[in-house]
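Listed next: structures, encoded as structure tokens.
The same subunit A turns up in both complexes below, where it pairs with subunit B and then with subunit C.
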Partner chain A sequence: MKKRGLGFYLRIYRKILAQDLKSKMSYRADFIISTIGMICTNISGFVGFWVMFRNFPSINGWSYYEMLFLYGFSLVSITPVQCLFDNNWALRGQVYSGDFIKYCFRPINMFFYYQSEVFDIKGLGQLAFGIGTIAYSWNKIGLEFSFIACFKLVVFLITASLVMIALQNAAAATCFWIQNSYYVLELTFRFKDYSKYPITIFNKAFRFIFTFIFPIAFIAYYPSLVILRPDAIPVLTWISPFIGIIFFYISYRIWMYGASKYTGTGS
Partner chain B sequence: MNLKRRLSLTRAGIIESLQFRLSMLIIFVGNLLYLIVIYFLWKAIYASSGQEVVNGMTFSDTLIYLVLASAIFNFIEMYTVWEMGRAIQSGNMVLNLLKPMEYRKYLFWSFSGTFVTQFFFTFLPTFIIVAIVTNGAIQFGFNLLYFVISIVMAIVINYNIDFFVGTICLYTESIWGINIMKQVLVLLLSGATVPIAFFPETFKKIVYCLPFQSIYNAPLSLLLGKDMPVSEAMTTLGIQLLWCVVMMILSRLFWKSSLKQITVNGG
Partner chain C sequence: MSTVIEIKNVSKEFKVLNRREGLKGSIKDLFSRDYKIVKAVDDISMTIDQGEIVGYLGPNGAGKSTTIKMMTGVLEPSSGEIIVNGRVPYKNRTLNAAEIGVVFGQRSQLWWALPLIESFKLLKDIYGISDADYKNMMDFYQSQVDIEPILHKPVRQMSLGQRTLSDILAAFLHNPRIVFLDEPTIGLDVSMKSKIRTLIHALNKEKNTTVILTTHDMGDVDALCRRIVIIDKGKMLYDNDMEHLKNFFGSYRTLKVRVKGDLKAEAEVIGKELSEFQVTADDEWISILVDEDKRKVIDVLGQLQQARQIRDMQLEEISTEDVIKKIYEEGVQ
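Take a look at the complex of A and B:
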């Protein structure tokens, strides 16, 4: 099989995306209700955050608006996993029922084809909400606004999002080996809620664990420091983009390895 | 005879949930991570506030409250809306309607096995650990009795809210959106994510008029209330009882009237 270029895949992605959106639009009521549900999730998340922190001017040296910035940052950085990799949640069912076998016979990259089949459009509301939160808190903190800062923010947001994507890919891929992988996915999915707190609230041992064993701190905390603490950027922040890329690659290999072991159900 | 029939469903549920030991381990790890995060988060919050008591709650009060709230969540969450939604979408609802037991009761009793296993495997260990670690922050007296009565009513209220919301799926055929809306609203307004004591005054007043605070806030405040006067405990339990009856009637009426116009996908 000859190697296909990026252009080829982009063209295919556009076509699959269009089909997916068309089929979603045919269930209009469901689409609208899901979007409202997503907005509710974001609003209640924000209300919870506000109720918790409104009484206190600062937590652990972090002002309210800096916490808010981190909150917005984590919302944006988990949007790609929500929008582009939502099909991971269905992997378990497809493997179990045997439907997964259809992906093994397509002449394109299996991982790409599987993930491109679903685009979760309701995640875009979260993106808007997150960007709004970042802009608002950016303004309130009085950070300098420049083209370079924006560029840095975008680069670090994209690479940070790879960490969450990698975790979800690897968690979904466990279904090739164990029966009830839903709980593994659920476990890593909850990391998104923990990523919105600064890692400095933990003691040394757990700071280590949440950096190197469960890499929650790379979803938002370390990457966001590039904007929040421009005078004292730790090394871990600079390497966080590479961590994102490496993690993504590893999770891709795990996923593909699992898929290559798949033998179908015989039906 | 009637009770025996119901308890056989309970027994089947216990056996079924014991099948998934690996999932239980993963759920346990997930809960442990959650507990670690909230422990350090609230520790940082209390440290920054510089006060022993915030909104009438000490650090250990808040911690016990949140830990037990998550333990209660694990054992009373039954994913009723999912179950109903899937039965409606797949058409299996017809089979459920043919059963010689009212569907609302059948669903409740077939879940009751999970109550038993979850109670002994997650709630009770958590409770014992919390009681030992906090060393005397939980009183052992009448409050335990109140708590047990209260938690039974909380289960009934929660189930009936779920059943009511699940019935909406008959009309919308949207599960995800409806379920997520219900879940975030209940968790926020019941005080499961942030104790209601931390809410702003007007917000608090509104929340006390809604049924949701009877699910988490009522049993937990009965348990943690130090030397609570009997009249106050009775008021809390009375309000719960009222919501029990109201929600039971509402969910029953809504289901009965909805059944008349049900359309089931050919299953």
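Take a look at the complex of A and C:
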């Protein structure tokens, strides 16, 4: 058998994706309702944000548009986890019922096979919303528009999204060891809401936790500083891309280790 | 013939917490280190050649699934050695997976939302099946079963029978050397069962695929298997061909008679007359399990006829089901 490289996996993924989209589109009502639901969720999040800022002109030195930028940044960087890794939510059920065993029988990477099964198209709307928010606040803040800035933004967005993916992978993988892992996953998912705020508004203890223990500050705050505060970029911002990659790799190993220990149920 | 599976003195142990009853017990269990070792598979050895269809039987919880999981590389044996296609499956799960096919009766492995043909195309890419081999296989499928109606149907919308059929077709698609079928006919109607048996038989003949078949349906065993392996409580009870199995319990036949009067009372009398055989009665028949090594059936019938009038009679060969039941209940003497 030939060695399976990145090209092989991308080709397979593209094909699964195309088929999956085709079958999803065929359920039109489902598609439309979930799209509307997604838009409502985003709008209500945005309205809450707007109401808060009508009462406070700035938070801890962060202006309305800067906060908006951060908000958009976090929306975009949590999109990949929602689109590409949504099947993590079903992992616990599959492991519990024994259906997970089917992933053990194919000659491809288990993690890939598992995650490739579901593509959540709703996330794309969130992506558009996030990009719009970033562009709008970028313009309002009066940031300079250059190729370098864009490039930086994209790189930092991608690596930031890896942090969120890693957190979710690791949280989902706990189901290989514990029964009630749903709460772990739920907790992780809720924590991501704090990523929309500059970490400086929290007290020291939480700053430490959100940076080093539960690193949600790397989802938006640290990476966005590279655009928002180009004059005073902290070291943590520069290492944030590496944090994303390292975290993702660790979470992948945890996930795979759990899967390799999987023994299934009787049949 | 070449060997495809070799199992040598394989055991698999699980560590299980000794659980206590009630809420109080559960709380104690939280801190308990009181484990016991359960041997799911206990010192099993066998060799399976290319092209064999082996019926792997045993009551629920006998260790069948555990053995299959070890052969497919999902579980690592606690001790002993398993070689499948020249490799240790646990250490080469991905490589091993390329040369085997697996079907679990109630769990579809296909992409739920996709039409079958798209699943096949994905499998073609995943297993790297050449265009010619793929076409060849599809043509063979066409000649065996009417796959046209299910080919463009999403798996989710299929009936259980169609889904099982699809799963079996998918498992053979890359022409693996070994296919593991775990209860492939469970819950299917008679016609679908027979269709699936014919298909498995044809695939085995045509492609010389080794098939390991786990089932509780003796119809599957009668239709497909030349060799059977029986395990219970993790231990191997029997490993030989089918004919040998039937002789194994002597040449038993069941003589069923219907006589005048109350059958239950008559059965008791007959039981005393023929104390060497097992006599039972139900609403319709008195059944006598005759061991023909001891006495001929005709002889027994003669004796019965001397004392009473026989209104009706039937002679039944002992079925595979009866033999297997006897082994499960009594073991092998």
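As a convention for this text, the second predicted complex is superposed on the first by the 264 of 267 C-alpha atoms of A that agree within 3 Å, B and C clash if a C-alpha of one lies under 4 Å from a C-alpha of the other, contacts with A are read in each partner's own complex, and residues count from 1 in each chain.
Throughout what follows, a residue touches a chain if its C-beta (ideal position, glycine included) is under 8 Å from a C-beta of that chain, and two chains touch if they have at least 3 such contacts.
The structure displayed is predicted, hence computed values, not measured ones.
K.L.:
According to the stated criteria, A:20 is in contact with first (subunit B), second (subunit C), both, or neither; which is it?
P.N.:
A:20 sits against subunit C, while subunit B stays out of touch.
K.L.:
Can A:214 be said to touch subunit B (first), subunit C (second), both, or neither?
P.N.:
first
K.L.:
Could you tell me if A:52 is touching subunit B, subunit C, both of them or neither one (first, second, both, neither)?
P.N.:
After superposition on chain A, A:52 lies in contact with subunit B alone.
K.L.:
Going by the contact rule stated at the top, is it subunit B or subunit C that touches a larger number of residues on subunit A?
P.N.:
Between subunit B and subunit C, the winner on subunit A residue contacts is B.
K.L.:
According to the stated criteria, A:107 is in contact with first (subunit B), second (subunit C), both, or neither; which is it?
P.N.:
Once the two structures are laid over each other on A, A:107 reaches subunit C alone.
K.L.:
With the two structures laid over each other on chain A, which partner does A:33 touch: subunit B (first), subunit C (second), both, or neither?
P.N.:
Touch status of A:33: first partner only.
K.L.:
Just to be sure I read the superposition right, which of the two partners does A:146 touch: subunit B = first, subunit C = second, or both, or neither?
P.N.:
neither
K.L.:
Now for A:194: first (subunit B), second (subunit C), both, or neither, which partner does it touch?
P.N.:
In the superposition, A:194 contacts subunit B only.
K.L.:
Where does A:183 make contact in the superposed view: on subunit B (first), on subunit C (second), on both, or on neither?
P.N.:
first
K.L.:
Within the complex, which stretch of subunit A touches subunit B?
P.N.:
Spelled out, the residues of subunit A in touch with subunit B are 27, 29-30, 33-38, 40-41, 44-45, 47-48, 51-60, 178-180, 182-184, 186-187, 190, 194, 197, 201-203, 206, 214.
K.L.:
Please name which positions on subunit C make contact with subunit A in the complex.
P.N.:
Interface residues on the subunit C side: 60-61, 65, 69, 72-75, 93-95, 97-98, 100, 102, 104-109, 111, 113-114, 118, 121-122, 125-128, 154, 182-183.
K.L.:
List the residues on subunit A that touch subunit C in their complex, please.
P.N.:
Touching subunit C from subunit A are residues 1-2, 11-12, 15-16, 19-20, 23-24, 98-99, 101-102, 104-109, 117, 262-264, 266-267.
K.L.:
Okay, in this complex, where on subunit B does subunit A touch?
P.N.:
Residue positions touching the partner: 20, 22-23, 26-27, 29-30, 33-34, 36-37, 40-41, 43-45, 47-49, 54-55, 172-174, 176-181, 184-185, 187-188, 193-194, 198-200, 203.
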